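Notes for the one structure printed next.
Per-chain residue numbering starts at 1, and chain names A, B, C and D are given in the order in which the chains are listed.
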Amino acid sequence: FEAHTQRYRPNQDEILKAMNRIFHPKAVAVIGASNETGKIGNSVMKNLINGGYKGQIVPVHPKADEIMGIKAYKSIKDYQGEVDVAVFAVPAHLCVAAMDEVGQKGVPGAVMIPSGFAETDNQPLQDELLAMARKHNVRIMGPNIYGFYYTPENLCATFCTAFDVKGKAALSSQSGGVGMSIIGFARSTKMGVSAIVGLGNKSDLDEDDLLTFFEQDPNTQAIAMHCEDLKDGRSFAEVASRVSKKKPVIMLKAGRTAYGARAAASHTGALAGNDKIYDDVLKAAGVIRAPSLRSMLEFARGLQVLPTPKGENVVIITGAGGSGVLLSDACFDNGLTLMKMPEDLDAAFRKFIPPFGAAGNPVDITGGEPPKTYQNTIRLGLEDDRIHSLILGYWHTIVTPPMVFAQLVGEVVEEFRAKGIDKPVVASLVGDVQVEEACQYLYDRGVVAYPYTTETPVEVLGAKYKWARAAGLLGKK
Amino acid sequence: FEAHTQRYRPNQDEILKAMNRIFHPKAVAVIGASNETGKIGNSVMKNLINGGYKGQIVPVHPKADEIMGIKAYKSIKDYQGEVDVAVFAVPAHLCVAAMDEVGQKGVPGAVMIPSGFAETDNQPLQDELLAMARKHNVRIMGPNIYGFYYTPENLCATFCTAFDVKGKAALSSQSGGVGMSIIGFARSTKMGVSAIVGLGNKSDLDEDDLLTFFEQDPNTQAIAMHCEDLKDGRSFAEVASRVSKKKPVIMLKAGRTAYGARAAASHTGALAGNDKIYDDVLKAAGVIRAPSLRSMLEFARGLQVLPTPKGENVVIITGAGGSGVLLSDACFDNGLTLMKMPEDLDAAFRKFIPPFGAAGNPVDITGGEPPKTYQNTIRLGLEDDRIHSLILGYWHTIVTPPMVFAQLVGEVVEEFRAKGIDKPVVASLVGDVQVEEACQYLYDRGVVAYPYTTETPVEVLGAKYKWARAAGLLGKK
Amino acid sequence: MRAGLAPLQGLHDAMRAINGAAVHAEWRASLASRGRPAPLAGVGPLEERTGRFRDEAQGKAALAAHGLRTPEGRVVGLSEVAAAARGLGGLVVVKGLHEKLAHKTEAGAMALGLETAQAAQDAARRMVGTVATRDPSIRLERFLVERMLPHPVLETLVGIQRDPQFGLTLTIGVGGVLVELIGEVTTLLLPAGRDDIVAALTRGALGRLMQGYRGRPAGDLEAAASAVEAIAGYAVAQGD
Amino acid sequence: MRAGLAPLQGLHDAMRAINGAAVHAEWRASLASRGRPAPLAGVGPLEERTGRFRDEAQGKAALAAHGLRTPEGRVVGLSEVAAAARGLGGLVVVKGLHEKLAHKTEAGAMALGLETAQAAQDAARRMVGTVATRDPSIRLERFLVERMLPHPVLETLVGIQRDPQFGLTLTIGVGGVLVELIGEVTTLLLPAGRDDIVAALTRGALGRLMQGYRGRPAGDLEAAASAVEAIAGYAVAQGD
């Protein structure tokens, strides 16, 4: 029952062994390191150095003795120690010969930045490169990629800018453009990242290999992947089914539609495939599909900070009744269950809110309330163990300004975490521009918060639930 | 065939006459103006003054001779001139008596900020208020609202902060929370606004009255409304069918789902109603439904700057092939037609791009290209009159940095506008954080541009097309 | 979401809705194939706002005045079923009528393709028992005996609803037992133009069926539109 | 998007797909009501990768070995149709078999409910003409004469596809002429566990029909699952 293309597929242990050397290298070689500013071989060197990589950097250059103050070698073979990964920054036509040397040196992984292979219709050259790599048992990332980041090792093996917001999301992209969005978005939102990996032409290493590594990587808690095609859907389904039991796996599948599939075919020759099959297979494998680039990014950002819910009961606590309605719509859209409020709990909430505030679920505390009302109701929501997740709807007032709200929520959540009670809390903040700062403050404290939207926080919570359900952590719904 | 509730419904001329006085007042009275900082009657005064309103402000207060340096009156009747609108900032129980005086004075419109009416289960008081207003033929905005803004008159008749980003979108909301998002979002994104109106309990004035005004308001080019229910669906359908022929009408209907409808009922007593009927009726009336709060805001922001397309042919020009695929998916999702590239045009595009760049549609100019390539291809896209809209996919590189891209696009678009060629152009910018500034620059120049997303620009373009089609501006699809 | 769309009911119930006694009601119109007239499946006694029953002849006359074609038939007591069947001649259908019966087929109160007067009489008698077994509070006393129509090309759902926000509305969609599974309907405000009705009949799944889906004969669009117009016209005339 | 799902084809064509000659193929399995065995509508000659025809007996044997129940029948030439019908006895079905006929019903190559041997023979003869009129390049020479099965409770789509990314897959959904309109299918990778098959059969529209939708009899879930398992098992055995 193999899929069409026969791909190289070592067993899981072998994959892991190579991947662990690539992601935790003691030495990184740069084939085509350069002293000339603007050159990719120069940017890679800078990023390795400025990114704070602590291992050995091994510049390889035909003439230079030193690159950026580091001893350079004419051939990688001249270097005495073991090298774990070689980053290529030489033109495509030089890559096969260089790969031969890298292979002879016994390097287990090559990061192939150069373009000029299958994506420029030069499939034969890519085949030649792959054959050479296989001959020496070198695993290839790419070609035609921006490289990769692995923040736990301060490793920026890429020509993009250095990057240092450490966190627990590992992301990969088939396309460089999407990779750049990941970097920009991560920097702008301070999304915590463990890894960003370019897969490009995917001549060898692909999503299933990454999953095998991230599965056991203690620095990674959520995995998000952009892909245009799965080169080997069966391997992916197999590995993803296993990994998604432990960590959320998110996928943005590009080329979902007739237009997109056609564009993918002309862009990378990707056979985007029958989306209905992708959909069913990914669902069966417990993979969460991101409907858009932005949602892939938001899921990666949010799922890593949210704890896993212990059950389906979601409660909305809102200052803005209007937000309560929109948040409820969003719960429905995202398959979340608004808890039917037990009478005693309803009465308990009512004690804290004005008589005309609507109890039930949403708990509508009404607009003009002081911080205390938010505090009391949120505390109750965290306390009562029939409630499994909270959605907060904040409304900007003079009585409870944005940062006051953010601080009180941060405190209450922290207080309960200290007691061992850690429920997912997401928030929608509507108000003037100060709500933006408040959202960042909350996100930094593990509360998934967004300004000017009621949908996004609920979508992120919905994705966490989808994962938890598929992973069998919530029992049958 | 009347709907259930019988509502007051004067003819269109009468509505317009009152609305024109409310939105273009020569004098605004503040009932409950106050010198005390923090009071709503004080905030309203500040906003009127600081907002730059040029007409007469008439503070009404039982004791004070002056409020914020402006002569105050014990009763509105003591003021000699004509008053066009009265903003109420006194507690609910004082409103009926105050309304009697306002009515006797012959004021055509009352902005009822106070809460304490139907939303706190005090329907009888609201009925009394309405009866008094009807007796004197005063139209009521609210009660239970933040007030309203009308930027062409520098009018900030609200207790929120003054606001001055003039533009062409008129927005209304039934709920104060959503109103606050509008204000915060508008300020943060510099969205141009002509009006922001709170409708609250909608005891009298509602969406159809606003439409009647905005239809003929030269300062308004797009109308976006958040509502939980239509008090009179039939009037709305009738007026919206007419107005949507001239200007895009966008609606965020809250309470779409079972959960949302229940929340709406307990929040405002809104009968959210059968969403399928809303959907069909709004579609038939040419109203664009916004699927989310954020998309309502983005549509209001984007639709006002985009020109109306002249036909269905959309072309994607992209530096990132991966973005091209996602943009194509988004075109499909949003019902846009990717033009089948005529051979001569394909050849013309190919002249400007590398041999391995994919022509067809998307036109994939590939990642490493200089500004000239973007310039040449965009110019061709604007020039050829078989192409009706452009979607740009920018990819951050050293060769063409974000602001260089933004400036060149701004220039080319401007150059063609000067020649009378004005096509919708939207853009997705992927890259490091500098793309954010580039997007703002582009938006300011009428190019709808977003960072880290391929979906949103296409969604906005899709909304513009949906409107243009429904308005009969594109012929049958 | 298909909220608020009640399950199919006979014309019987629809008439009550039109007359204001209920908010939701739909019924199926079986649209003829091209060239044949548009028959309507099922017509029952009409009830007015007053609660007084109209007899079937009056109901039919009212619909006929709006141009709707309905199968010939009579409403009779149990002892008169055979006679009614004989009077109609040929194949007949017997339907048990009762206030509480929203779904005759499911309740066992529907017998199709009866060849003789005796068969009709027997069916009616059995029906009384079947229905009573399932719900002892229902005792069938009135029966609609109708001419059996040829199998329709296409069953179409035509519904009249009184919506609190929008007033009288017309819903059109795919009919038959699979209606809920296909779940695609269009709602129009009444009165509605023929153009809008035609557009609703030619949209989506219904439109594909109407065109002659997978080798099936095509529906007669004009006849269908006229039938819908007639029902809508009747509803509007009765509506406030 | 329901991209890539070819219209329904007979078991005839499905066998060719399993044997590797085609990528897409689906066929309908008519699932019995509770308690009755699960009959399969339609079985035709099987073709191997080599292009050599298996005869119908061999095909059936192969499927039977995987536990699938199929209606009794024979593939014969035009002159032998009457004899084959007589041999089966009772009501029969005649299907015209031809390489080019993906949709027998639409092509006029399907005659159901034939009561006598003569009627079967006449139907086959007429079929040759009907089919030729529509496509002169098709001359029917082989006919499947099958026992007519009672009307199935529920037609289910069971498809085998060879996907370039995922290899051999199994698709399950609502069958019958409305399949495209309901358009709800589930795809599983093969081999698939019985649990997954049962889950696919009880999900969405199919699940509602299986439970006995709107007063219709319920499907026999276990029999259905076994039938699907048999087909899947056969496909897996044949697949690479």
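The working rule: a residue touches a chain if its C-beta (ideal position, glycine included) is under 8 Å from a C-beta of that chain, and two chains touch if they have at least 3 such contacts.
What you see is a predicted model, and the numbers here were worked out from it, not measured in a lab.
*Asks:* Touching both subunit A and subunit C, which chains are there?
*Replies:* A chain counts here if it touches both subunit A and subunit C, which gives B, D.
*Asks:* Considering only mean CA positions as chain centres, point out the chain farthest from subunit C.
*Replies:* Taking each chain's C-alpha mean as its centre, the farthest from subunit C is A.
*Asks:* Suppose each chain is reduced to the average of its Cα coordinates; what separation in Å results between subunit B and subunit D?
*Replies:* 56
*Asks:* Can you give the whole-Å distance between the Cα centres of subunit A and subunit D?
*Replies:* 45
*Asks:* Between subunit A and subunit B, what's the gap in Å when you average each chain's C-alpha atoms?
*Replies:* Comparing mean C-alpha positions, subunit B is 34 Å from subunit A.
*Asks:* Between subunit C and subunit D, what is the separation of their C-alpha centroids in Å?
*Replies:* 35
*Asks:* For subunit D, which residues are shared contacts with two or more other chains?
*Replies:* Correct list: empty.
*Asks:* By residue number and range, which residues of subunit B touch two or more other chains?
*Replies:* Expected reply: 256-258.
*Asks:* Considering only which chains touch which, label the overall pattern as line, ring, star, complete or other.
*Replies:* Its topology is that of a ring.
*Asks:* Taking the top-of-page definition of touch, could you list the pairs of chains it picks out?
*Replies:* Taking the chains two at a time, the touching pairs are A-B, A-D, B-C, C-D.
*Asks:* Which residues, counting only subunit D, touch subunit C once they are in their complex?
*Replies:* Within the complex, subunit D contacts subunit C at residues 7, 103, 105-106, 174, 177-178, 180-182, 205, 208-209, 213-216.
*Asks:* Please name which positions on subunit A make contact with subunit B in the complex.
*Replies:* For this pair, the touching residues of subunit A are 38, 119-121, 160-161, 173-178, 180-181, 183-185, 187-188, 226, 228, 252, 254-260, 262-264, 266-268, 270, 272, 292-294, 297, 316, 319-333, 338, 354-356, 358, 360, 362, 364, 367, 393, 395-396, 398, 430-433, 435-436, 451-456.
*Asks:* Under the touch definition given earlier, write down the residues of subunit D that touch subunit A in their complex.
*Replies:* Subunit D residues touching subunit A: 1-5, 161, 163-169, 185-191, 196, 236, 239-240.
*Asks:* Can you list the subunit B residues touching subunit C in their complex?
*Replies:* 1-5, 229-234, 237, 256-258, 271, 273-278, 280-281, 284
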